[in-house]
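Beneath this line is the structure, given in structure tokens, with notes to follow.
The letters A, B, C and D name the chains in turn, as written, and every chain counts its residues from 1.
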Amino acid sequence: MNMQFFQAFLDGTLMGGVYALAALGLSLIFGVMKITNFAHGAMMTVGMYAVYVVSTSLGISPYIALVFAAITLFALGYIIQHFLIDKISDAPTHNQLLLTLGVAYILENGLLAVFSPNYKTLNVDDFDGAIQLGAISISPEKLVAFAVVLIVTAVIYIVLYKTRIGKAIRACSQNKEGAKLMGIVIKKTNAVAFGIGALCTGIAGALLTPILSIYPTLGETFQLKCFVIAILGGMGNLWGALISGLIVGIVESLTGYIAGGSWSDLTVYAAFILILLVKPSGLFGRSNRREH
Amino acid sequence: MKKILCLVLSLCVVAAMVFSLTACDTEDDSDVIKIGSIHPLTGSMAYEGQAFVNSQKIAVDKINAEGGINGKMLQLKAVDSLGTAGGAATAAQKLINMNVCALTGTYTSGSAQVVSRTAEKFSVPFVVTVAASETLLTNGYKYSFRIQPSTVGFSSNFIEYIPYIKTDDMKTVAIIYEDSNYGTGIAEYIKSRIDETGLEIIGMLPYSAKASTLSAEVTKLVSLDPDILIPVGYYSDQNMLAKELIDRNITFPAIIGVANGAFSDAKFTNTYGTQADGFFDINYRYNPNSEETEYLLREYRERYGEEIPVCAIYGYESIMVIADALKRAGTTDHEALRNALAETNMTEHLLPQGAIIFDEAGENINSAGVLIQIQNGKQVIVYPKEYAEGEIIFEKESDS
Amino acid sequence: MPLLSVQNVCKYFHGNKAVDDVSLEINKGEIVGLIGANGAGKTTLFNCLTGYYKATSGKIVYKDKRIESLKPHIICRMGIGRTFQIAKPFGDLSVLENVAVGAYNKCKTKAEAYDKARQCIIFTGLAGKEDTNAGTLNTGEQRRLELARALATDPELLLLDEVMAGLTPTESQEMVELIRNVKDQGVTILMIEHIMPVIMALSDTVYVLESGRLICKGSPEEVSQNTQVIESYLGKSQEA
Amino acid sequence: MNTKNFNRITLTALLLVAVLFPFFADFYILCIGISVLIAALLGQSWNIMSGYAGQFSFGHAVFFGIGAYTSTTLYTMFGVSPWLGMIIGALVAALVGAAIGFLSFRYKLRDDYFALATLAFAEIFRILVNNTSALGGATGILIPYLVKPSEYQFASDKTYYWVILALVAFATVFIAVMSKSKTGLNLVAIKSNQEAAAALGVNVLKYKLIAISSSAFFAALAGTFYAQYYGFIDPSIVFASSISVEAIVPCIIGGSGTLYGPLLGALLIIPLQEICNSLFTSISGINMIIYGVLIVLFIMFCPDGIYGRMTKYISKRKGN
């Protein structure tokens, strides 16, 4: 194929990485708590504002400010789980869903009230234009974002598979009753898991801050996309989320290139429904659909 | 029985609440004139919505400082439309219930459609701040007026101005536009009249204003390689587009925005400085020669700590138009005010156009966008001549 | 000719053989017991018989008709009723309404269905609880409700999945009586049970499952003396 | 006084109050009354499918939008009276509902997954209509302004109020009758446990389809009313996720799976939202924050909804 096609492919891949990280948080939260978090987009925006504030007030690079965003979001996620969602863990699905929607309203409009609705653009001095490789140009912000995504995913992997708390989280996601019997404190584990999920989303938001003009409801636009990716990858499946993030990014980009951006979302949603119907455990999940 | 009892009990609680609703907003102050303002103050359009209200406040304060209208002070009543049609309709009725003399609003076209109908039902004048939909005033409403050009107006301006920009070797056009009402309206209209310009459209690229990246679309533009690129969209998405073009060092012989939410905004040039030099935009703007303009820009900057978004000048102007009509009508009676508005012939205003005069449908007959070019990191009006701040600079010398 | 005949039925999950080449026959009017350790595949077999799982291979013939690929509600309408190991009352409905859901299966009108439901409630000893919310019943009552609902569908063959689980000895005794009464009404019964005395008291024939395979068949006495059964099932359960 | 008579008298009295309400309310309160009833109709519609049958929809805007678009295009293009259009729209929505339901239930989608699928369907419809110029595309459709009761346009909002009140009453009576019938029992049984329901001979797929179709039917009625009352529709208005949320919130706040829950919920939440908008104008965003806090508080402390909570409270007191 021609170079432009390859360019679109490449851009899709890089953007897909960021989607993947955002969706990974959602996937983790669903995997452990079995909760569809409708505040996910809003949490992402909180991450963006956190980077913006820290970066502009301290005059530091957004990539350093990212650490603050991560910490903020971890705390936010921990609090939301500990004080709100945990209290209604036995309630029917739709109540939990509506609760997270209420949280989304609070977060979004909190940002609106505090920061005004004005668009904020963060200028990154670290970079000067795109990197040109022949006919191909690569946005350095996206390249760095992609690298950070890979690093964060690797770290999350290590945390989940090598540390005690990580093992506890995985145990909870597989069998809550069993985990309880093994002496795992479910409440705390859930809160940490939600915190990590929020942290992923926050970092994803932070990575997008240098690329986009941010405003309080920006995260909404990523919400459904995150659901799509998380389900495509199999809820709770780390590598599944990463790969389907890339797939969604690429599909979106190529549709945009071939048919125009109006159709990108349509393609992604249609693919989503198809996957839901045909293989609800995701592209990479084992079929563990409840049989009873 | 107990179920019904529950029902009755709960109903009582709710009824008490509803009556508390009626209790608020019933302050009696007959010596002020209230003007209603309906804009999205929350949600994704909140930035522009709040800017309208801000500029309206400046206008109200200015009129009051000069003694008000026939001795009475103006008062602005701003209500959140929530960005939804239903929200806007409720807001309109609430304001009418507060005895406003006129309504203003609403930025989003759907809301404007609904408010104009409500205004008609209740016979209350409605002055549109900004809402570009070309169908807005096609229903024969008597009480709605629009100062600003519609999508058709902007697109006609494009057809009108293109000869001044076009060079002989420019043949092809690509339009990249956001796919709601406003972007689509402009793109389709330009397409329908493109033959008059001798140009040929080689690409129509709609995108969602909520897109998180426009890389693919830009890549598509590179492969189309049009002589003229027409981008139409809101601030954040067009900012994304421009960033992509600038970062990747992609140029076209001419980039001409039409009602572009970013190119005319001061934040845009603050962000990109001279990097965006050469970009054109056909858009609404203030008249740079007007003293009122200077006042509004300064006042806005002092009060709100930022530059006024260009669209918000229509917030200010809507109040001025209503004030002018109120003075002539000498009363706040809706019918009289409506007639006064219909007879508006306002020569002193801050828009780059002739007198503000409304036609039968309520459209401002002299409304027009101007041609702006970004030069040395500043938006400069280059056409029409009477408002021009500079000449068109052809062939941006790219030294990168 | 048997009422139900199961021929070489297999059910695999991800390659694990939950039910492995099981064949059995149930004649009209019998009570057939199905025993086996936890995880032996009893409930999986039930689920295959009632259409919840599709058997990987094999035939299931009920009254001369192949039923292995039919949907659960069709199988129910053909006259096979079942209860669940974990009682599943419809918590938002009253006891009467719970049973009526089953009764509507054969009854045309509302009056008919509710009549039938009341009869079944009285039959199972739940009289007086008609308007109680089904979610608030105790375990014993929930078991009776399960039975009442299944009976309301007018089954010819009733599959009972551990109806005694969680019952007190007195309640168990009453349940045994109840099942006898059901049989006396002409209903054929296939029951999974853990409690040996119950099986001994009720069954005409007993099948023993181990790791998905049928290892023994016979009268209760024969089975209880079979060495293989004692080793693999009874022996273990006595240890436990 | 016997219970049945008491119930009958009270209900008649309440209905009378509702019918006579426009004579006591000024037009602003009346307009809120209409918003309440639109929300109530959407809530009742959602109630059938999600409250009774337990199939959680997050995309009710699909049906609402189909109702609005069917009647409006039939009217503006072919001159079909919106009264007829409303019925046709509702039937079309019911069909689409059945199709969506068949796809989803056939493949055993449940809970969150089903909710997300409905959300995606709503988005797909929005994008499709947005890009279909025959349906007005992104520009939307403006309904001609003529006061003609035969064409579903009235001079007074009072008439609109009575129309939507009648629709809500229709939906409520429908649910009342349905919930006591075989269908109603089967739906609730499916919500509690669909395996157990199937074991009792309930055709789960069929009843789920009945639920989603009748739910879609009423949502579409609300859509047509919305179009006629406000006079303008575009894809971003009628297929918006805010419409889907408006269907869910009254039902859950009021008490899902109860006959009067959505009515109470709408009666509570719409005025509350309006009060928030009126009282907290100094800083924008505060109104929505308070709305969000209210939702959270309700879910935390009143998970069965107002109606559910009250019935529980009263039965407890009686028990003691």
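Quick note on the criterion: contacts are C-beta pairs under 8 Å (C-beta built on N, C-alpha and C of every residue); 3 or more make two chains touch, one makes a residue touch a chain.
Just so it is clear, the structure is predicted and the values come from calculations on it, not from any experiment.
Think of each touching pair as a link: the shortest run of links from subunit B to subunit C has 2 of them. Judged by contacting C-beta pairs, the busier of the interfaces B-D and A-B is B-D. Among the other chains, the CA centroid farthest from that of subunit A is the one of C.
We define each chain's centre as the mean of its Cα atoms; on that basis subunit A and subunit C are separated by 47 Å.
In terms of their C-alpha centroids, the spacing between subunit B and subunit D amounts to 34 Å. Centre-to-centre, using mean CA coordinates, subunit A is 34 Å away from subunit B. Centroids built from CA atoms put subunit D at 42 Å from subunit C.
Multi-chain contact residues, meaning those touching two or more other chains, occur in subunit C at positions 52.
Looking at subunit A, residues 109, 112, 117, 216, 262, 265, 292 sit in touch with two or more other chains. Touching two or more other chains at once are residues 130-131, 195, 284-285, 287-288 of subunit D. Within the complex formed with subunit B, the residues of subunit D that make contact are 3, 6-7, 10-11, 14, 26-29, 31-32, 35, 38, 130-131, 133, 137-140, 142, 144-145, 157, 226, 230-232, 234, 236-237, 240, 242, 260, 264, 267-268, 271-272, 274-275, 277-279, 281, 284-285, 287-288, 306-307, 310-311, 314-315, 318. For subunit C in complex with subunit D, the touching residues are 50-52, 71-73, 76-77, 81-84, 88-93, 97-98, 100-102, 104-105, 110, 113, 149-150, 152-153. In the complex of the two chains, the subunit B residues touching subunit D come out as 1-11, 13-14, 17-18, 20-22, 24-25, 41-42, 46, 50, 78-80, 82, 84-86, 89-91, 93-94, 96-97, 109-110, 113-114, 117, 120-122, 133-135, 138-141, 179-181, 183-185, 188, 206. The residues of subunit D lying in touch with subunit A in their complex are 50, 56, 58, 103-104, 106-109, 111-113, 115-117, 119-121, 123-124, 127-128, 130-131, 195, 245, 248-249, 252, 256, 283-289, 291-296, 299-300, 303. Of all residues in subunit D, only 181-182, 185-186, 188-189, 191-193, 195-204, 257 touch subunit C in the complex they form.
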